[in-house]
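What follows is a set of structures to go through.
Next come two complexes, and both contain chain A; in the first it sits with chain B, in the second with chain C.
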Partner chain A sequence: MSKRFHVVSRLAVRNLRRNLRRSVLTSLAMIIGGTLLMMSLPLGDGTHEAWIESAVRMGGGHVTIQSPEFRSSRKIDDRLPADVRVASRTALSRAGIAERVLIATPQLTLGGLASSAAGARPAQIVGVDPASEARFTILDEKVTEGRYLEPEDRLAAYVGAGLVESLELKVGSRFVVTTQDAEGEIAGQLLRVVGVFRSGVPEIDESLIHIPLETAGEWLHSGDDVTNIAILVRQSGQVEGLRRDLGRELAGPIEVGAATVMGWREAMPALDAAVRIDDFGNYLFQGILFTIIGLGIVNTVLMSVLHRYREFGVLQALGLTPSQTGTLVLIEGLILTALSGVVGIALGLFITFYFWGDGLDISGMWDEEWSFSGVVMEPVIVPYFRVARVIQALAFMFAIGVLASLYPAYRATRIDVAEAMKFER
Partner chain B sequence: MTEEDVPAVRTGEVWKVFEQEAEEVKAVQGVSIKIERGEFTALAGPSGSGKTTLLNLIGGLTRPTRGRVWVAGHDLTEMSNIQLARLRLEQVGFVFQAYNLLPVLTAMENAEFPLLLQGVEDAERHERVKELFERTGLSGLEDRRPGKLSGGQQQRVAVVRAVVARPALVLADEPTANLDSRSSEALLDMMLELNRELGTTFVFATHDARVMERSRRLVSLVDGSIVADESRES
Partner chain C sequence: MKGKRITFAVGVATGVVWVSLLAYGQETPHDIVDKVDRILRGASSHGTATMEVVTEHWNRSITMEVWSLGTEYSLVRVTQPAKEAGTATLKAEKDIWNYLPKVDRTIKVPASMMSGAWMGSHFTNDDLVKESRLVEDFDIETSFEGERDGAEVWEFTLIPKPEAAVVWGSIEYRVRKGDYMPLWARYYDEDHVLARTMEFSEFRVMGGRKVPAVMHMQPADKPGERTTMLYDDLEFDIDLEQSFFSLQTLKRRR
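So, the complex of A and B:
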């Protein structure tokens, strides 16, 4: 059996070499397709990674632990109970989990009002631990004036540029924030602006204020309570696993409704939808591209079968079974697509990482900053490499080869041997 | 009954009817024939007499509309396509009018193709082909592709391919039709020699007088029926 397969494979290779020009032209289509595929996948993944990175570092992290009601209420009443915080800290330091966590930082996130002599604006006030938050957030890098919060700061605020402008503030100015405290009373707090940032996302720049967690605790009588623990993972692929493992560790509080563990997809459904829609668009484009290429291969392989109608008849007269004749055609198609697919993928990877390893600058395509769903669109796309994508691309091209060769192979199995002998080329 | 007693070919009231533009064409009409092992038989007749169709029926390349065909005792009408392919590989060799060598293989590779499919080891394969190449004057042409061989040389390679696996039967459809008289004579001499020395049964479909003269049995067909069957000394 293996000897026969060897004979059939040898014939397939020889047949491909016999029509070298046709084989090369078909391969070129596959190589171009493979190259485009392998250029678009890392760039697409790189874009999504940048979106996710930007969103999670300006929000609640890749994974967040919070009270189930907090997501919709955003109220101080729905903060994490002390025992859940302790359990969370224990879980996060446990072997098997700790290695995957880059940083975990407590946050007290509340809606409130910011006011100055110039007026009042709705604000999102986040009490943070300045030391750990500085490692978590990217907002400290977006500073336009002053500085980010420091551990010694008291009554200090790091404020979005939009809010600073509308309240006519500057570094050193004082303003008042007001919200409901832990006892249900409306409480105000005077703060001083120590730094101003511009994230590029209007809804963040016009409302977000970071203040020290200690200041928030004293102001709102909430001690060291927090509403959520924001966690960053070392690799984006670890999110789902970590969410599941933390869920298992905190099964008790989760069961009684005291806590929930959410991944960024659940916490930021708009971003999740954007990534999925963008992926769908990419897959659709690749699907159309490869349908066209696939039809070209069907045509080439089918023409080759029809051209060799008599030859297939001879092969069957000599003792090849119909299925072995079909296998011969299938192998020809697979060799053609597999080889050109590998070359195309290698070429795509080479171009992507040799020329755009440090990022593909597309700033010429738009003049101003663009954002959506709390995400800043970076004008430089850094390709993101995943082995899984290479395997996926190879499998995809292999599948195209199989699909494109199936019908011609089927035709080869249906040959009427006696009729094929009469066939004149 | 020993294997030697089983005829190489036997047909029983075999019919082949083709549908052509809603019309029935009776290519073979109730032919019953027995060909013993070692015979050198020619099926003769004008174009359209059913020679090639009868040859295709005997070779299992087409299935009869009615009747039965046995090759080396195997009933072809009961066999699946896979079994027929296996039978052709082990029991039947073909020589075609248009040679039909595989253009991507060398003369040697073409000749050894049935042995390759049978999984015969390299050394034995090469030895058997080399011996036949020497006997048929093809030595030195082993590495040539069919396009680099003359018609006579190609047909000789085709004959070697047909007999190399030592089949019970070789079916040759107008093997000399594309050859000049010298090449035809040489080819027939070669096939007669193989018939005598190896005991291979040869059945020809032909209207070449030279083939008919040399065959030891001449079966004449007209309109798909046998009209004469004469044994003769070659």
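So, the complex of A and C:
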């Protein structure tokens, strides 16, 4: 059997070589498909990475530890109990977890009101540790005036440009933030603007204020309590694993409902949906593309089978069984798609990373910056390489190759030998 | 010998205090502002008032009934127009609730709404809640003392204490000397740009006290807009229990 198979394989290779032009033409469709696939997948992934990166670094991190009620209440009453905070710190420094964590920073996130002599606006106030937050957030790079918070700051605030405009503030001006403190009383706190940022996301620019955690603690009588611990992972693929492992480490507090560990997908469902929808759109597009490519391949392979009607007749007359004839056609298809798949993927990766490795500037395609669900669209897409995508693409193209060869192979098994050999050409 | 010296020192110190009290007419600016604040509210009060709000886009006039007990408790219920009658605001200690009769709902005003406009006026919820903390939050200095517009007045400059949670850069406050009536308060930002002006007028005796019957709030950046609060009648030191300021009273319709 294996010997026969060997013979059939050799036959297949020879057939392909014999009809080089036909082989090249067939594989060309596949190569172009593979190239396009390997251009669009890393760019799509790169876009999503940028979305996620910017969203998590302006908010609660890839993974966040917080009390289960906090997510909906956003109230200081639902802050993390001190023992959970200690447990989290231990868990985060544990071997096996610490290596995956890029940085973990405490945050005290609250809804409140910011008012100045010019008016009042609702605000999202985040008490942060200036030193670790500066490494965590990307907002410090978006500074337009002044500077980010520094460790010695006390009555300082880093404020979104939209909020600064509507409250008619500037660097150095005073304003007051008001919210409910840890004892349930309304408490006001005087702050001075030390820096202004513009992230490009209207919701953030119009409401976000960073203040030193120490100031927040004094103001709200909450000591050094925090509402959440925001964690950045080294590679975005590690989010799920880290979430699971942290969940196991903090099983005690989670059990009694004192804490939850949330990935960004849970914490930012809108962004998750956006990524999924975009992925779905890409898959749909690729599905259509490869259906067309597949039909093209079916056509050429079927033609090659019908063209070799007599040839196959002769082979079968010489002792090749119908199923071996079918296998021959299948193997031809597989070799062709495997080769052209590899070539296409290599070509796609080459184009993507050689020409656009540092980022593809698509800013010419739109006039203004636009944003959605807490994410700014970056005008430069940096492609993102994932081995899984290469394997996925190979498997996908292989499957198309097999599917496209199935019908022609079936036709090859149905050859009537006598009929095939009846006519001279 | 030693004991004598101490006695002498105490004597000198007492003398200095007396002299300084005399120099200030026995009242510091701090005392005067505090006194004016207290005139405007009794231990308890009850009255009716009309609030007229003029904005760029609409005008409205609301008549309401007002109760207060100390600085901690107050209740305001709208009586006119009929469409909004029954709408009420209760302030108990540091919390504010609103009651909307149309939907029969009581809403606790969250912290984030505290500086929102109260019933569309130029007063904020916060203006209602804060017992005047002028004397607590500000350092007060006399900037002028003498005759202005035919009346003996004081003018005070109020500068917020270094860490007081106050949005204003400074407040100027004019008070009439004879009867401690406030005339106006001007609120400035830190660059000394006027933000809003509160004017008092129609000084009348109501409920046995002389009070300004009209308060006029004028935001500086919107010259066409204003809110005027007119007290139709007021009585002070009436019989009111703390238990009156409850959610039940809030919901009671007329």
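We take it that the second predicted complex is superposed on the first by the 422 of 425 C-alpha atoms of A that agree within 3 Å, B and C clash if a C-alpha of one lies under 4 Å from a C-alpha of the other, contacts with A are read in each partner's own complex, and residues count from 1 in each chain.
The working rule: a residue touches a chain if its C-beta (ideal position, glycine included) is under 8 Å from a C-beta of that chain, and two chains touch if they have at least 3 such contacts.
Predicted, not measured: the structure shown is a model, and the values here were computed from it.
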Partner chain(s) touched by A:Arg244 [first = chain B, second = chain C, both, neither]: neither
Chain B versus chain C as contact partner of A:Leu113, first or second or both or neither: second
Partner chain in contact with A:His221 - chain B first, chain C second, else both or neither: neither
Which superposed partner A:Lys3 touches (first chain B, second chain C, both, neither): first
Which superposed partner A:Met421 touches (first chain B, second chain C, both, neither): first
Partner chain(s) touched by A:Leu320 [first = chain B, second = chain C, both, neither]: first
Touching partner for A:Arg14 - first (chain B), second (chain C), both, neither: first
Partner chain(s) touched by A:Arg174 [first = chain B, second = chain C, both, neither]: second
Which of chain B and chain C A:Arg89 touches, first, second, both or neither: neither
In the complex, chain A residues that touch chain B: 3-4, 7, 11, 14-15, 17-18, 310-311, 314-324, 416-418, 421
Contact footprint of chain A on chain B as seen in their complex: 53, 56, 59, 61-62, 81-82, 85-86, 88-90, 94, 96, 100, 102-105, 113-114, 116-119, 161, 173
Interface residues, chain A side, partner chain C - complex: 111-113, 115-118, 120, 122-123, 155, 168, 173-176, 178-180, 185-190
List of chain C residues in touch with chain A within their complex: 94-95, 110-116, 124, 126, 129, 160, 163-169, 187-190, 193, 195, 221
